[in-house]
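Same chain, two partners: chain A is paired with chain B first, then with chain C.
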Partner chain A sequence: MSWLRKLGDTSLTTYTVLFFAFIYLPIAIIVIYSFNSDPVNMMRWSGFTFDWYKQIFGFSNASSEAALYIESTEQLLAAIRNSLTVAAFTTTIATVIGTATALAIYRYNFFGKRFYRTLMFAPMLMPDIVLGIALLIFFVGVGMPLGIGSIIIGHCTFLISYVFIVVSARLAGMDRTLENASADLGANEWTTFRRVVLPQVMPGVIGGALLAFIISMDDLVITYFISGVGTQTLPLFIFGMLRRGIKPEVNAIAVMMLLFSFTVAALGLYFRSRRR
Partner chain B sequence: MSALTLRARQRLQLAGLLGPVTVFLGIFFLTPLVIMLIYSFLAPGLYGGVVWEFYPHNFGRILGFADPAFEYFDPVYFQIFLNSLRIALTTVVITLLVCYPAAFQIARLPERWKTFCLFLITLPFFASLIVRLFIWVLILKQTGFINQTLMSLGLISEPLDLIYTEGAILLGLVYIFIPFMFLPVYASVEKIDWTLVRASQDLGANGIQTFWRVILPLTLPGILGGSILVFIPSLGNFVVPAVLGGAKVLMLGNLIEQQFLAARNWPFGAALAMLVMAAVLVLLFLYVRFESKSGDDAPLLN
Partner chain C sequence: MRESIIRLEGATKRFPLPEGGTITALDAIDLDVARNEFLTLLGPSGCGKTTLLHVISGFVQLDQGKILIDGDDMGTTPPHKRPVNTVFQNYALFPHMSVGDNVGYSLDIAHVGKAERVKRVGEALDLVGLGGYAARMPRQLSGGQQQRVALARAIIARPKLLLLDEPLSALDRNLRQAMQIELKNLQAELGISFIFVTHDQEEALTMSNRVAVLNGGVIQQIDTPRNTYNYPANAFVASFVGASNLFDGEVRRDGDKIVITTPENDTVEAVLRDERSLNGGGKLTAMLRPEQFSLSGTGGADNCAEIDVTVDQIVFIGSTYELLGKTAGGRQINALLSASHQTRIGEIEQSGKARLSYDPAAVHLIPADDAGAAQ
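Up next, the complex of A and B:
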């Protein structure tokens, strides 16, 4: 029997290694091939180059001039700028509103609490496409121009929920006796909030904000419907390129985006594990 | 100041904290959904507008009673609906089969490794969705990684049709939604009380019986939670079929997108979206029923 168990163990371990390979091998492949110099077929290795990275930063050189595929670096930069603007505003608004809601539900008992809880989960469980077209119909109906503003509003509708959930989780793990102690020691309500509650909630707020920022930078579906004709974000830019045909520069852009989101996510997870 | 009683002050604070979310979600979340619901019962206008009259045939076009003034009933839309349901369900089953054994293996690793593995599984969730799909385009396309590799090895002489198939869509969906399935499943695998498993073995149950009667029921909350988290975004997905399915395989999401951006039949598009939402609501309702019945806190809402 023991050899059978051993066989089971080994195959389970092998399976798990394959499981991780399935997740990460494709990412490894794209990182490697983003340095491939073949301008026509990105997946046929014909030498190492930094050209595609140079190109997206605006330094084109003779060898890549012939294969100048990218529509314009300007378009890409505009898309990045739009994405950052949207993410910055969205993160701020969603973090403030989401944290306020979490505090309200944590601290007070009131009529309609259950309704608010459900309301906070609804945007997360709503399929993207439903929310996207509902917002499109709404914006067009009330005559609001589509663009950066509408994208920010659209992102906030579901990112408030994400911040709410992260902050609520933090609040649920909080030690309530500390608040009582602070009150017993003569601190008034505001001081207690500022000196006791806020420092404890802060990691949750930061975590929620980071999550909101990453998801806002990445959102494609809702943005796709409510961005209007003139405004592009980074995911929309790549989606457009995928539909028209892929250029080698996209490889490099993709790798940079992966690097960016992995760094932010790793930082977030690191801070979360540190502050516990 | 003292004119405000404690109760009144608390009310004011509560209003201050809840006011923003009430206004924001009221205007930009609930109102749009109500408007969409109304739209789905309006007649389409000539150039993308709507005509304000009651018009049940948007749903009729899907479910079997098309407006006789314009067209005969065409089952194609219902077919697409069924097709999307099937693809979403298949995605759920595959992600479950992929994640389940891995969850058991990772659950019995030493603490440090466990944390690291969980980190590795969560990480892709934060990476751009479109980039992760783009990777598969490069791997699957005619001149992509797999075809190049197989051809240079001499295993095939002509490139295989890998991309723009239903298989490619499934692969894309599974790849994206693995974390959604893994984390709830893992949460319940980790909570398994192994003494129950040993008891079952001591009482003479064989491996299969122990699995069906003990392990599976214990992990059921995680399985159901993960299934819902994967099913909902799969059903109305339009990015994956658009990128990996080409124009060949149509899912509900693509159909909705077409109605809004190409065909300009907004009421019909709204009706299709209502259908997606109805399917999701039915599922959530069943899940909540299960959750309250089983008494155990299901991992989805925690």
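Up next, the complex of A and C:
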């Protein structure tokens, strides 16, 4: 029956290769074609170039006017700036509130605690479109102008949940007798929190913050509803570009976003692996 | 004069049960531990040992009663202000700190200077045999080593009283015995009072100045290890501390001897030392330790009493044989017989019957009230 086993082995190997190819090939193609010099047909390889990278940052105008696709580098840079601003504020606010909530629910017993915990999960399960529309109605209803501020608030509403869940998971694995040990050795509650609880939840807090940052940078649907007319984030900008046809620069932008995400994720993994 | 380091008066603690009602974890506990004393709390799981330690360290508030540490009423004093340190059952080492930082934690809290801190951490680690381990992380240590770190961390601030909650239960047998001796030496060296919790009666007997036997939140007996073993106050202590053969029954006087007749008509002879233990003539429980039996006709005192048993099993232990059998009345008997009577043991195994003798003067009598109360 050795041929049967061989067949099984072969098909398993084939399946594995196909599986990973399915996941990573499109990404690899984007990376490769971001260096393709053909300005018209993106899928036809006609030589290696850094032009698209130079072009999106306005360093060169080598291609013909017809191929010129980003009307202004300023627009792109403004979108990136907006995205970073939103992500920075959102991450800070969501991390502080999410962590504080997780700690409070871990530490204290109060009426309605379980209901409160469930409530914290809800925004994660809500469809993006529903959340986007709800937020839009809310902002218009209270008369808040749409822009960076509304995007930050909107992102916070669901990112607090993400941070809360990551930090709660970390707290759930924590040994409560450690707090007793600290008190037993003479530390008051604040010192115990600072020297025993906080260092142990820190990997969770950092992980939650990085997650919040990436999701905020990446969010399209909710942001689409609540950004108003004047403000564009990077995902909105790229989405806008695509509506006018796929041009080579989009590959370069995608590769850079990919690099950025990888860096953030690698940082996250690094902090998780430390202090275990 | 005996100087009291900790005193509990009528300490009572109840916990609510999830299904309603309450459980009394501590029931009017009176306890007095002297300076430099090694007291062991011995009792089965769930009898309230940890709760009692938590009451002393301040993690549990009493419902009733008083607790005085070195003469000061602790009342609602929070744990971090009590001059007491604990070695926790699971060690509770801070996983994100090195061994040195774990041990030096209480010195940091007390703002001890850097040079002094380094010196004292070194001394404490030397004391527990872990000199040179300061830079390691707890997870890099074996269970026994973690246990020593927990010990060093708890004694470095020289508390008035050290509480140890089953600190040796997670160690293997050899390590446990080595640590028992080390702990005992350490306690003598430091001059700190120890309250040591265990459910292992052998551990309790070998280590302590006094043993407090706890059951169902009630202290059954506080006494020296020898007295606890030889003169248990009630049937619970008799059967929890060491193996025992108990005969409860009616007492009849027979000259200077007395005879106890169980409801199944087994009889045990004893010598009455204290008229009061007769309790006005009612009932008594006689206790015989397994090693108090010997085979009839293998020597021993002339005035021995005898009892016939049917043999269920004879187990070879090494230096002794353990005989498991039943009396004529059907009561379980557990006897340790000297291994020097090989041939007799062989005969007994063949016949399935044995005649055991014991010294009536060595039979310990337990008043019926207490025996009943504990069951």
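Basically, the second predicted complex is superposed on the first by the 259 of 276 C-alpha atoms of A that agree within 3 Å, B and C clash if a C-alpha of one lies under 4 Å from a C-alpha of the other, contacts with A are read in each partner's own complex, and residues count from 1 in each chain.
In the analysis below, a residue touches a chain if its C-beta (ideal position, glycine included) is under 8 Å from a C-beta of that chain, and two chains touch if they have at least 3 such contacts.
Just so you know, these numbers come straight off a predicted model, no measurement behind them.
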{"item": "Clash-or-fit label for the pair chain B, chain C on chain A", "value": "fit"}
{"item": "First, second, both or neither for A:A187, with chain B first and chain C second", "value": "second"}
{"item": "Contacts of A:L119 with chain B and chain C, given as first, second, both or neither", "value": "first"}
{"item": "A:V196 touches, of chain B and chain C: first, second, both or neither?", "value": "second"}
{"item": "Contacts of A:G143 with chain B and chain C, given as first, second, both or neither", "value": "neither"}
{"item": "Arrangement angle, chain B at one end, chain C at the other, chain A at the vertex (C-alpha, nearest 10°)", "value": "90"}
{"item": "Touched partner set for A:G47, first chain B, second chain C, both or neither", "value": "neither"}
{"item": "Dominant toucher of chain A (residue count), chain B or chain C", "value": "B"}
{"item": "Partner chain in contact with A:D175 - chain B first, chain C second, else both or neither", "value": "second"}
{"item": "Overlay on chain A, chain C to chain B nearest C-alpha distance, Å", "value": "10"}
{"item": "Complex contact set, residues of chain B against chain A", "value": "10, 13-14, 16-18, 20-21, 24-25, 28-29, 31-33, 35-36, 39, 98, 101-102, 104-106, 115, 117, 119-139, 141, 143-145, 148, 175, 178, 232-233, 235-239, 242-243, 253, 256-257, 260, 266, 269-270, 273, 276-277, 280, 284, 301"}
{"item": "Contacting residues of chain A [partner chain B, same complex]", "value": "12-13, 15-16, 19-20, 22-24, 26-27, 29-30, 33, 41-44, 96-98, 100-101, 103-104, 108, 110, 116, 119-123, 125-131, 133-138, 141, 153-154, 156-157, 160, 214, 217-218, 220-221, 225, 234-235, 238-239, 242-243, 246, 250-251, 254, 257-258, 261-262, 264-266, 269, 273"}
{"item": "Residues of chain C touching chain A in the complex", "value": "57-59, 78-81, 84-86, 88, 90, 92-96, 105-106, 109-110, 153-154, 157"}
{"item": "Chain C-touching residues of chain A, taken from the complex the two chains share", "value": "175, 177-178, 180-188, 191, 195-196, 199-200, 275"}
